[in-house]
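Encoded as structure tokens, here's the structure I'll be asking about.
Going by the order they are written in, the chains are A, B and C; count residues from 1 in each one.
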């Protein structure tokens, strides 16, 4: 009568299947779903339909089909929508009022205002920001991303990645130490920014024109084979980038200076691969009925989540500091709450999701290679399917888990793992460590409600 | 223990590990070659005494409560030491790692299906709050559902049963206790022989009684599909019953269909009977309390009547109705008849038969929430009923006691013994007061059940219980006794001997 | 070097009986998935507080007597910090935690509770259905201790002092687990007794029986592990971990039985179920004391 024979999935008491042949039983280690929120669990079950599965398939296919090319490095005002006129600065994370911003973000915005010549000093910059004469907006609202404070100002050079007429942008990485993205804006920082605007940007742009666009997907894929995980470790990717563009840079005036800068900045490629990840995940934004995550981002106060089926809506929850290993002399006491758009890399399936590729990073954040493998495996439980381009040797060359499904996160209770740098809570001190954070459960509980609202109004 | 045995012990001073780790440690050491016994416990005085008693503690070993002690008995010293090495490695591995636990069992329905995509039925016994979530997930993945969980709202039941019906899937329950699908028992069910009769049941013990009577008659069961107690209510409207009918009518192994339920909503019953009348094969509707009638559908008001009609549809006769002579009615020393039941539907059947004969009686369903007070269900913990039985022995107004005994998967391992002890005590108490307590009953079960019906019957018979082949037959005998004029003590002694 | 653990960044809870005196020099005993066990320094100057435990818990683990409960996020932070700290030499200072504005004190004493017959019945049914072997060796199986629970409950409720002594001594520190199974059975027993006693539903006899149990357990504390001793000592004073409070709901509310049982399965290897055995047996004994009558009619 039962097509396929009676084979039982037992959800609960073993007593129920006492009389059943053990070979015909799969016993579940069931736990209450949705982090114990029964209403969210019901919505999760109601959205778990064929329609959702098809939409998620479309969303992930769209994300994986994007092949971002690094084509040029241009001043932001030329290319980033909305920056051509007026006084607008972009920042990392979901939207936030100036009054609520954390130290590093406010410092970075103040520094950017001084850099643009809109203010004579920090105090004046702060007044202009607080009065709204200088407007602020999230990078994500302008096809851009930025690590840590993520500040983009109109005259800063940005990387331009493109695929089929779509574009995404990111600032250039300044290196470690006293840098704007950690909220520092003294003369040293401003001087470096000017050099980047006047020398680094133009030289790299010219070199790119000479050598032709760079395929970022294949460059990142190669770097994963070389021990990067694509978020906290970028030394392989940066080396590949410098090697690829080196000859073209060398012939430029000031080329040696630029090569020297690249040689001293292990993280240069992070911003480029973030822009590439943003371009890829943006391909899924607005795909109706899809429960795939399109952005995870932190502004130093809140964690923000965006989901394909709810378009540009943010789901937010308070965020705390990352814990991990601290540089000598610092402790978690000094740490700022988690910050930056860089979790876009995990959104696509690298960074924390590619831990298995990077035994070196495991040591950096505390743990063993076994932990790294376990982390990547557990991310499989909450994603749609492996990324076809990002295969990992230690996982028998299967791809990294990609396409976080809100429903799977709620069903399993497994939260996305994010590798992150840790900023000092005071503006300008810089990076003081690195570690692992998980997204807060609340944003997924909110997201399923948002998705259900959207579904019921269609 | 042979003299070739070796005992090795290691003590880890002031070592704290969580219980799960200790358990895993012992289990891994146990798997090593040549290992006979393993103990991994905290070295408290009580545990040292337990180890000493088990011959797993060398003399003179000193340890304090916060030490971890691992003791291994093996075929030889090398094996014992090797096992201890395994255990110790487990301890230090814990030190090095971050202690993340490796996932072994699948956790969610989707993960379960990823492990084995051939699953066809989900059995759900989660807390009621989450049962609708899991049931919905299962239905959306095309699984039939056996839902043991209760505390599910009627609104959820209707919504999910509609969803199941659209997909032509069975949603058995919520609060479904019994099913046999293609020979596989789920929940509380008996080991009945396979055969041509399918049962669709809104009542668990009702289905058990009918299936066991058919088994005894040599007829077998193709399917038992539980539908949940509310399926034939106005609100639910027989949603699962209709899907179940579609399935059994398409089942090549089914020739006769039996419906078992306590009285249903009249509107739902009418619609169902109309459908049953035109299915083109014998249908018996066993609806407790209804008048017996023969038409397109054979309607029977008792479980036994339903079982008899189903048996006769396949050319067999029930032992209880085939003319086996029943003992002459006993003369009761008091007119009171009390029934102490563990099976709810069996109690209902008793009330129907007694009511038809106009015999007044107290019939208690001790599985009902109001009597399980402070105790497990009496089918699982038979001692709950024993007290009621004993107490009945000292009631001067009680002349006859009716009992049932339900065995099978899920029931207690030996429910007969506590009942037999209680019956002995009750009868002795009555005897001391110069009365005789007549105890009458039946056992619902089969020879193939884990408890075995013959052994259980023998235990009851030895205690003086008059056993009948069905609950209905036992009740009929009670009716006959209660209808007799009260007689002398001597008459009774003679009849019972 | 004394690494200083900073105050948690999110609102957190502190047991009302957490002892400030022990917080300034703590040693790491164990770091688990959802809890860490710290212990007052046993150094020369430690005095009588040496060895007092401070359980720090997070996620769904709930607050334990004398401890702190953190948000999952802070828990993860603290866990990583502790894992990176050398347990042998480092001493931690949590004293600032009590001063932190985010600290909410929580009273963990068992509230007066009305024992519900239907809930108790359902709990006993669930427990009867789940009796799997719990260890690799029959002598070290938690079922040995669980089987003593009904007898102990009966002896307490009947105030049979000698029997209470004999049974309690067989339970203290006995059985598998870091908190031996027998101790968890005792905790469950004490929880039910406290609940009934404070509700005024325990008979005088049961009240006296409880006093006898308290005496014998107090005398036996040295016979078990530090973790167990901590829990038992708190229970003797009427305080229980939040987890135990959640479990105790299983004898007061029929709807709490399923969740409590699920919860219990996740508590240690056997501890949660051991606790429920003590709890259910005692609740049954207390109920039986005034409910053991035949219903007159249907």
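Assorted remarks:
The criterion applied here is as follows: contacts are C-beta pairs under 8 Å (C-beta built on N, C-alpha and C of every residue); 3 or more make two chains touch, one makes a residue touch a chain.
Computed from a prediction, not measured in an experiment: that's the story for all the values here.
If you draw each protein chain as a dot and join the dots that touch, every dot ends up joined to every other dot. Ranked by how close its mean Cα position lies to the mean of all protein Cα atoms, the top chain is C. Looking at A-C and B-C side by side, the one with more C-beta contacts is B-C. Centre-to-centre separation between chain A and chain B, using Cα means, comes to 54 Å.
Computed centre separation for the pair chain A/chain C is 43 angstrom, with centres defined by C-alpha atoms. If each chain is reduced to the centroid of its CA atoms, chain B and chain C end up 33 Å from each other.
Annotation for chain A: residues touching 2 or more other chains are 13, 15, 31-32, 366. For chain B, the set of residues that touch two or more other chains comprises 98, 100, 126-127, 129, 149. Of all residues in chain C, those that touch two or more other chains are 83, 129, 262.
Here chain B touches chain A in the complex through residues 96-98, 100, 102-113, 115-116, 118-127, 129-130, 132-134, 136-138, 140, 143-144, 146, 148-149, 181-187, 189, 191, 222-223, 247-248, 250-251, 253-254, 409-410, going by the rule given at the top. Residues of chain B touching chain C in their complex: 16-20, 22-23, 26-27, 29-30, 37-42, 44-47, 50-51, 53-54, 56, 65-66, 98-101, 126-129, 149, 151, 362-364, 369-377, 380-381, 387-388, 391-392.
In the complex of the two chains, the chain C residues touching chain B come out as 29-33, 37, 83, 117-118, 120-122, 124-125, 128-129, 134-137, 139-140, 169-180, 182, 222-227, 255, 258-259, 262, 268-271, 283-284, 287-288, 291-295, 297-298.
The residues of chain A lying in touch with chain C in their complex are 13-15, 31-32, 36, 318, 320-321, 323-325, 331-333, 337, 366, 435-436, 438, 440-441. Listed in rising order, the residues of chain C touching chain A in the complex are 3-4, 6, 9-10, 60, 71-74, 76-78, 80-81, 83-84, 126, 129-130, 132, 262, 266.
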